[in-house]
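Each of the next two complexes has subunit A plus one other chain: subunit B in the first, subunit C in the second.
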Partner chain A sequence: MPARMQISASLAALMSAAAALVPEAQAQTTESDARVSYRFNDYSEDALAPGPFFGDAERYRVLSQQFELSTPVAGDRALDVTATHEIMSGSSPWYVVRGAGNRPIQVMSGATIREHRNEVRAAFTQGAGTTSSTTWNASYSIERDYRALALGVERSMPLSEALTLGVGGSFSHDRITPVDAQLFDRIEHASKNTASLFGSLAFVLDRNSVLQTGLQLNAEHGYLSDPYKLVDVGDAIVDDTRPDRRGAAAWLVRYRRAFGADSAALHLDYRYAQDSWGVVSHTLEAAWYQALPRQWRIVPSLRYYSQQQARFYAPFFLDPGAHNTFSSDYRLGTFGALSATIDARKRLGRWEFSAGVERYHAATGYAIGGSDAPVPGVVSYTRAFIGLDYLLQ
Partner chain B sequence: MTPARERLDLHLVRFNAMGCPCALQLEGEADAIARAAAAAQSEVARLDAKYSHYRDDSLVARIGAVADAGASIDVDDETADLLDFAATLHAQSDGRFDITAGALTKLWDLQSGRVPGGDAIDRARARVGWDRVGWRRPTLTPNVPGLRLDLGGVVKEYAADRAALACRKAGIAHGVVDLGGDLAAIGAHADGTPWRAGIRAPRAADGAIAQIELARGGLATSGDYERVMIVDGRRYSHIVDPRSGYPVESFASVSVAADSCLVAGAAATLGMLLGLDAGYEWLCALGLPFLCIDAQGGARGTLAR
Partner chain C sequence: MRASLPCPRRRAAAALIAIALIALGGCAATPVQPWERGRLARWDMRWDPDPLRAAMAAHTHFSKEGSNGEIGAAGGGCGCN
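What follows is the complex of A and B.
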């Protein structure tokens, strides 16, 4: 008789036994949940490696806070609004001079800056939680010297039961008005436009695995140089000068596989990118999602990145030759990086706590094919993050 | 009915499957509707062919042959998940819910209009019992010659959920699947309003005794008013208690709403098997929205007004 039955546990037992047969019933319930989230991120670059340099060895530190609200609005429509505030401080690589024996010496920006950035982002989805959905998004970011507006749309549609097509496009307009422009003879204001298109195909391989492949095309036009960087050309210090156009293409492959009734999952991602400046990069990432008893989940991940330098990159230029574009920005040099992240989450009723740390280490010798021209400004960093989510319904 | 505001075209597709009238109500673009309707019907047909106990070529028939031969069979993942689910229901119901009761259900063939003799019932009961079956995923060892599976109360509800999923995969976000009164929502109407489902009054050809709103999940009804036999003034339902070998005297119908039609159907069947008092208590404690209708047409439960 019912007295013998575990009444309060009955529903839990039924639902957990049904989860293997109708997992989407659970997914439907969780995906349409409304939640508010808070995230705090501490990104801290390592001080410049021992060696000759000028200026302040302390590099960038960025503290960011993010509030996010995601909620279903009517039926399968969902709205997601994110507000971000960042405080940036520290000094950054300014230019590289030629030292004795052609040894590059990094010059850091003298003043330690302290800047703020604010961003709002909104996304509206129709068909949330289905394979046929459309998402419109818009974002606006503002700093003392920089404003960026971006608009985009993404659409996903099933072609058959095992194949889903994704397409999308975005456009952004950025405007820069460098600080102390007259003092340092910088450009007073400039802008750039970026247009992106992408398409992807996702194949359901079996009930536990999905393979996705995609292509992204990017076109930038306008002022693409960094107004705060200079470059040593034939012992004259001139402005960082890059082409005013850049085309880029990226190809990506993603593999997802679930193990043991969704208690664990493997994510493998690879991305190849190439641009008209000659920069070629490879990114390989592996993440393991592991559910643990008492509503814990941990996600360790590893990432490897390798990049070949832009045609107009050098730490310094002995002779301008016939060239009219020059940059010694470390981000355009040849280097590789290894990164390890651990992320832990714990659910407690309607609350979810998360915390994690990432260690990113970059070096010219990590690049595929070994190092190229020296990159004295190459940067490593540590990032720590915590978060708190509250489920509203 | 709710007013039709900014609704996409609503299409009604009727078909017969699993021995009952079925319908799909779909909102969306014409090509997606055609794709979804075909995918949903073929999914229901696939499950009917695989798990029907009326067909000689089904997996259920093959398991019957394995039982007679005293052998074992390795089953596929989907069947293993269904057997695991049935094992949970068996444990939750103190053995009242038993998918090995096929011999008893066949004996109580309600179309024949007669009550089986006591000897026949005892012989059938000897061929029933999930607790006598060896089940270690993926290997099923029936152990009992003459044992027959009956996945009624599980497969039709599961098929409704699977048909709803097939529609979502085909690009339909708004609609509802109806397999002989067991409903699975694909998603609310395009304007966000929920579907309205009526629960029919037993033994009355017309009129709904209650209406419930369904935007997601499922609604399932277990009841004897569509398949009932009256002999010498006693009503026999189609739900047999495998422990006694006789149909239960219970509600005229039990309806339950849940996150999936599968869970709703299991809860409704268990509520029915437990009988009037215990079933009502169990459903109250379960915490899902439900409605019980007794033989006199009286309605109780959280969905009753």
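What follows is the complex of A and C.
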């Protein structure tokens, strides 16, 4: 009997500890999930250096505003609505010409007038804050020349105390109607469809760390070229012409580790991606979330990205007979990028202020294994952002 | 003696396996009970603690790089240049 009494006392102590901990965890979740948020981003690309053969050296600048309402609606149901407004201006790479000694020289578009993009996203979750949940989401994005409608569903369910399965899929229909189509002999309108499936497993490794691994599969079909880009093929300037199908797979691993009772956390993310166009990429990200006195928090992070080029990419093509798909879009070339971000946050009651900056620098030499093949137009940028959150509960 | 040439894919795979092994090292530990998960429920232990910031960063990288992919439902594209 004394032994049973001791066990009961231990159980009582454990239950007491659980009762003390669980409400705290739930409070954090509920508090963070019911909020109104605002973000302002100022994205500015470095000017092209050396300057372009033709066009404006000043590249894109995008001013973005995001508004979000995230709130429980009834029981364990939650609604999240996000609206984004972007203003874009500047010039973008148009095509590449062959200079002396086959040196590629970038041609830029003229400075554009102001373009706008508006997007609305909504996500409805059943089972929010529980271990088993289903989320339906929808988004609609509209620009003067581009519209995209996407629908998706995600399901999360526990397989054991330490293992959670996530599965989902989405479908999007995009339609493009290029501006000045007749003036520049562009396609007048075109569309593409994208289907996506994903699955993930999340492991609780110990009381301080969790690991998630997942696979995403994408299938695109339709007009996948860029109507605003041209290519030098055998000294003739022709339209950017890409395959009308693209299959892609991405494998992701995410690791989170807590340090101290509420002092710091390490985030490590890795992604391997490969597609049927021949593009292979590696992405590695590390972030450190450090809590500081007086409700301050600082989050430095680093990101490395490396990709190998698509089979049909070249700055220009000397032999037109060897290919039927061509692109000199730098985004399909071999390059790597390093970026560093610093984000500072301050909590004041129900308010949280945040501000930060990201510096992104890309170069062909940063690619894994290095590359001396020229990819004119590779972009570096600086992105500054500020944010404001109001916790509703 | 056979010289070993640097292989970018092999190096990346080795780095990835090292990360996975370090991360999975904790699997040998005893199961974590619900009352031991206070730290795992913290804001800074979420997969994306700031979803708006993460969405904008992902949108920017999606616009300027040749490949993408994430755990979760994908959105539509954009006419980004």
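Here, the second predicted complex is superposed on the first by the 352 of 393 C-alpha atoms of A that agree within 3 Å, B and C clash if a C-alpha of one lies under 4 Å from a C-alpha of the other, contacts with A are read in each partner's own complex, and residues count from 1 in each chain.
The rule we apply is simple: a residue touches a chain if its C-beta (ideal position, glycine included) is under 8 Å from a C-beta of that chain, and two chains touch if they have at least 3 such contacts.
Note that this is a predicted model, so its numbers are computed, not measured.
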Which of subunit B and subunit C A:I87 touches, first, second, both or neither: neither
First, second, both or neither for A:S37, with subunit B first and subunit C second: second
Partner chain in contact with A:Y228 - subunit B first, subunit C second, else both or neither: second
First (subunit B), second (subunit C), both or neither touched by A:A273: second
First, second, both or neither for A:L302, with subunit B first and subunit C second: neither
Touching partner for A:A74 - first (subunit B), second (subunit C), both, neither: first
Contacts of A:P158 with subunit B and subunit C, given as first, second, both or neither: first
Contacts of A:S132 with subunit B and subunit C, given as first, second, both or neither: first
When both partners are placed on the shared chain, which of subunit B and subunit C touches more of subunit A: C
Subunit C-contacting residues of subunit A that also contact subunit B: 14-15, 17-18, 21-22, 24-26, 28-29, 32, 161, 207
Subunit C residues touching subunit A - in the complex, by the definition given at the top: 6, 8-9, 11-12, 15-16, 19-20, 23-27, 29, 31-47, 49-53, 55-57, 60-61, 64-79, 81
Subunit C-facing residues of subunit A, complex: 14-15, 17-18, 21-22, 24-26, 28-29, 32, 37, 39, 41, 43, 60, 64, 66, 68, 82, 92-93, 117, 121, 135, 137, 139-141, 143, 145-146, 148-150, 152-154, 161-162, 166, 168-170, 172-174, 176, 192, 194, 196, 198, 200, 203-212, 214, 216, 218, 226, 228, 248-250, 252-256, 258, 261-262, 264-265, 268, 270-275, 279-282, 284, 289, 291, 297, 305, 307, 309-310, 331-333, 337, 341, 343, 354, 356, 358, 362, 368-369, 379, 381, 383, 385, 387
Complex interface listing, subunit A residues touching subunit B: 1-2, 4-5, 7-8, 10-11, 13-18, 20-22, 24-26, 28-29, 32, 73-77, 127, 130-132, 157-158, 161, 207
Of subunit B, residues touching subunit A in the complex: 32, 39, 77-78, 81-82, 84-85, 87-89, 91-94, 158, 161-162, 165-166, 168-174, 187-193, 215-217, 259-260, 262-263, 266-267, 274, 278, 281-282, 285-288
